[in-house]
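The same chain A turns up in both complexes below, where it pairs with chain B and then with chain C.
After this line comes the complex of A and B, so read on.
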């Protein structure tokens, strides 16, 4: 890793000030499990001059429910989410998604904020600079998206444009199904954005001087039934090929509410609204689950080598809804 | 939050800082800087352990957080030393494979002995990481079920297919003290 200056921030204001001063040449480090990989491989078009450690900011690691909201501080660690009794009982989909991330050593340091803000894993984008030079691509602001003509077996089947990398975050999928929103702070104040709206094909919606402070989930309907399923090639080190998070509620034997998000298929978590519509008012059955799965991937436009992801997505949705 | 407040803070200056690194109950004071023997802010804990402190028991294989070879304990939790900045590890107790033996008698930890007894390695490169992950598990949960052992070791890769013997080695010391 090339060198940088380093600073332990002791408050959000202090961290924001450092980011603002360096005009895009400073970068936040939370758990570092994504950032260090990016720095080692020289992936970022602008190598940071300054790393601002935010783990030294006190009071940002909470997981709590106040009245009608679940609130999670950006520094809560994934092991804490996976082990939280509150989440297990009332927000199981989050608990399961956190537990499905990487291996235990990573979950012991990785944070929620870092998980949502992590960079994509496209193998062209991430190609190490020290192995013959970085690959200048659309996402880096120069060049084409190599996935379009290249090996795109793991790339987007929905919503890709200019860049076809998929959002690698498992938590984003769970939060999208729960309707979670992020609180983002900057020298200009605070703003909120739905986790589902945070991602675009060329990157997430974070400006250089912004920090994610909290993610909250409104108790829209009861805990209902929540499930997260993730398909990977080898379990622990692999990112989701496709994942599905579903939050459903049944009343009088029919689906009264349903929210389904699919991961690994698009630049962000993909809300399968057409599948949700299919379910409402109907009795759960395997046939209905298959119908919903079909509706979920309607409009998918695979690249040359990733049509198989449509079948994986359908299988996962059928399992999540049907069982 | 007014901008004035924010900008009046001091910017960091490298070279002024000392990091107190505690490894295997020993304290090392490292000067932050870019000279020889100094702690560059970009040094990973794995690099510092091996290259600065000479504790080469910790192995670096992928250097990307993917293989578990560099696993050490930070306050009894298994973490990847290749994905931590040393400069952020001050004040925390770090335990490496070198720290498992009995400090007075030099006797191996029963877990280490069990790996030997079960031939739970072939080339041995993944072994320090395997042992540290197992140690973290047994400290938190002295009598793990087989599934819990496998889950705890799911972030440790072995190229030589020793995983079966590793699970046996851990099982053999679970339920016992040490």
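After this line comes the complex of A and C, so read on.
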């Protein structure tokens, strides 16, 4: 790891000022579970001169309901989400997604904001510098996407363009199903963006001088069902190969509402709207679940080695909806 | 058969146990040196290239950098088999190959300096596939090896080595067969032996006591004396090489191939006049160190209805990556191990070793035999299925028995003088519930929705339990304390504690009286090191003999004091007496007045015995997601006599990881086919089982006395990984009702075998599968 300056910020304004001053040569750090690995491996095209620690900013770790919305501070830790009574009772999908991330040591330090903003796990993008040099790729601003002709077994089957890395965040999938939105602050003020719209094939929507402050979710509709399922090779530690978050509500024996998001298959959480449409107004059954699963992956365009992820996604959706 | 032993077979504390759990153990990285420098390696981005020029001015100019060495700054050190691989060459042969060496005041400075070395390459076409490497026009790695094919045979094994399996007449054998299977199968996913502690070393080059140049190494390894021999051969005769082997965070064989980091540290130390530490990062460990060799079989097997194997004939291709140090020896041992596992009169298996542009293959537990048999058993399974033979019956029938024999690594025939393992196998099957669970080939044991249970079995045996030479001294000091001189390094198995334990048993003293010398080559006699399960028979055998020799010498001194012949004496707890008059005792201290007793023990190789391990596995396969979960393992073995029950359990439970059973489930090294880069050189993408996902493991241990040493024991640790992988393939095939013949059994492969994922959109994959010849 190269040398960098380290500064403990005590307010959002102070942190924003430091980011602005360094013109893209500063990075914020909360739990550090993603950033430190990137720095150690020398992966980032621009190595930061300054690390701004935002853990020292007070009052950004809340999980609370406020009128019509659930509000979660960006510094709330994943262990706190996983253990939250409020979430377990009313936003179970968030609870399950947070609890499905990595292992306890990571969840004890990793934050919601960091989980949403973490970098992709593409093994070409992450190839370490000291093992023969990093790989210059489309995501880094120059070069091809090596995954297209290479080993793309874990890459995107939907929505990839120029870069086929997938969004690794479990919480993004749960928030997308809940219709969550992020509040992002910068010297220019505040803006809001839906979690589902935050990601693009070449990176997330956070500018160099921006910080995620909060994620909020409209109060869950009625007494519904929420489920999160994650498929990995190893149960703990691993990032999702495919994950599914579903929020459904039944009235009079039929689906009245349904929101389904798929993770691990696209540059961001993929909202399976065609599957949702299949469900509305119909009686839950295994056959319906299978039909919805087929609809969910309609339009998937696998690369040379990742067609199997379609089957995994279908199985997960069927299980989430059908069980 | 219970023996009235005081310590043998009983759980006794490990001598290093307290230090390990309290963090007091001094591993290489914990050692303190004055003026220590940190060495790093500048590594190639290309899989195959000529180095045109190196400009190290930028790196040399960085504050804190003390040396930047390139090929021109160092002697032309070469090693490998054959000895052509240079420490630093004009040519790089894999991504991560060493180009230059840097020593600096801190690792951070050294790493930063590595980025400042400017290297101009002439990039050459590279070859990564073992078959393609042999094709006409393929890129050539070495002028010395046309067609990228390495010669067979290893001088380490003696004048002759096993270079093929050839006995009987395969044409005759095939004509007797009820079924002939022609098949191809590969065990070519290159799992990493993966010790927890990455390779590391400290070297200090200076003047020795008598003015000769001397280089001292502090190593994390499993064979300090063998390293001294290897390093002596590389560094030259006019140099004293001294090696200290401290506690080691695992090796699983792999770290014997550490001549490169050791020479890097030594040369940087010579150049700077300061001690230098080289520590590989986990990425370097995974991406530029030792992998298991790849293995691909293309054979014909003749089989009779009663399970008799009438002939095995064909080609065995072994991929060794950019060079070989031990691959020829692995081939030799692997051939012998196949003969131990399969009684067959007619063999003709021709191995060929090929090199490609990736990091080198080398030692991993299972040493050759695992590689060969993981490819062989899935082909045999096809024959068993055609003839409806239960694989357990097949393995029981065909594993070596008294009266049989085999060719071993030195190409000599050995008449087997060990025991039959059949009863042990039956007991293992009973504990596993094989009879109830076996429903026939390609038939699941049970089905529940998408989840299917399947079972499989594998077997392995190794005559390296008696390989090579060990020597030891047992010294009894004048105060009665006992010191065992052995160059045995503790690499995690607890074998150093067992060295003290057997001496306490022979001399009948409290365990605390016995200590081991540090594994320092200056004060200890020759020790080959704990490889091939040889620790129990060979290393402990030499130590036991040294203890017996010390005991005899002690009795010779005491005999006149007791007025009888030395042969009539006995001893315990520091007293000596005549067996006929036990009441009249002499204290050791009297016999040892102003005297040191030194016993010597030596073990000469014995290849006439084999160990045996049978592994039964149960897997659950999800037919919708393709996911495979290992539910249960039963290992059955016969060790003659348990020496150390906890150590034995640890070894047997070690069947999973380190390129063992999990090499059939998720362990694999993923090499990018266009750049030659190892894509999963980290512990997230290299799938290594975590402790929270352990299956149930039951071990069945028989104790049928073996004709070995005084305690009739035989080692089994090294082979714990070997029977499992092919058993998993068998179990998964049975679970889903379709053949799987490629390691590891990934969800993708399961879904493809089930016809749920076509080859459309997977063209590259299908091409590779055809090349590897999956299926028969």
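Just a few scattered comments:
By definition in this document, the second predicted complex is superposed on the first by the 321 of 323 C-alpha atoms of A that agree within 3 Å, B and C clash if a C-alpha of one lies under 4 Å from a C-alpha of the other, contacts with A are read in each partner's own complex, and residues count from 1 in each chain.
Basically, contacts are C-beta pairs under 8 Å (C-beta built on N, C-alpha and C of every residue); 3 or more make two chains touch, one makes a residue touch a chain.
What you see is a predicted model; the values in this text were computed from it and never measured.
By the touch criterion defined above, A:20 reaches chain B but does not reach chain C. After overlaying the two complexes on the shared chain, residue contacts for A:253 are found with neither chain B nor chain C. When the shared chain is aligned, chain C comes close enough to touch A:312, but chain B does not. Shared-chain residue A:239: touches chain C; no touch with chain B.
In the superposition on chain A, A:187 makes contact with chain B only, while chain C stays out of contact range.
Once the two complexes are laid over each other on the shared chain, residue contacts for A:6 go to chain B alone; chain C is not touched. In the superposition on chain A, A:59 makes contact with neither chain B nor chain C.
When the two structures are aligned on the shared chain, A:32 is found in touch with chain B, with no touch to chain C.
Chain A uses residues 1-3, 103, 235-237 to touch chain B in one structure and chain C in the other.
Note for the complex: chain A touches chain C at residues 1-3, 41-42, 103, 121, 123-124, 126-133, 135, 146, 149-151, 153, 231, 233-239, 241, 302-305, 307-308, 310-312, 314-316, 318.
Looking at the complex, you find that chain B touches chain A at residues 1, 3, 5-7, 9, 11-12, 14, 32, 34, 40-42, 44, 63-68, 71, 74, 77-80, 82-85, 87-88, 133, 136, 151-152, 154-157.
Contact residues on chain C toward chain A in their complex (touch as defined above): 40, 43-46, 95-96, 108, 111-112, 114-115, 281, 283-284, 287-288, 450, 622, 624-627, 666, 670, 672-675, 677-682, 684-685, 687, 689-690, 692-693, 746-748, 751-752, 756-758, 760-765. On the chain A side of its complex with chain B, the touching residues are 1-8, 13-14, 16-18, 20-21, 29, 31-33, 36-37, 39-40, 50-51, 53, 55, 79, 102-106, 108-109, 185, 187, 189, 235-237.
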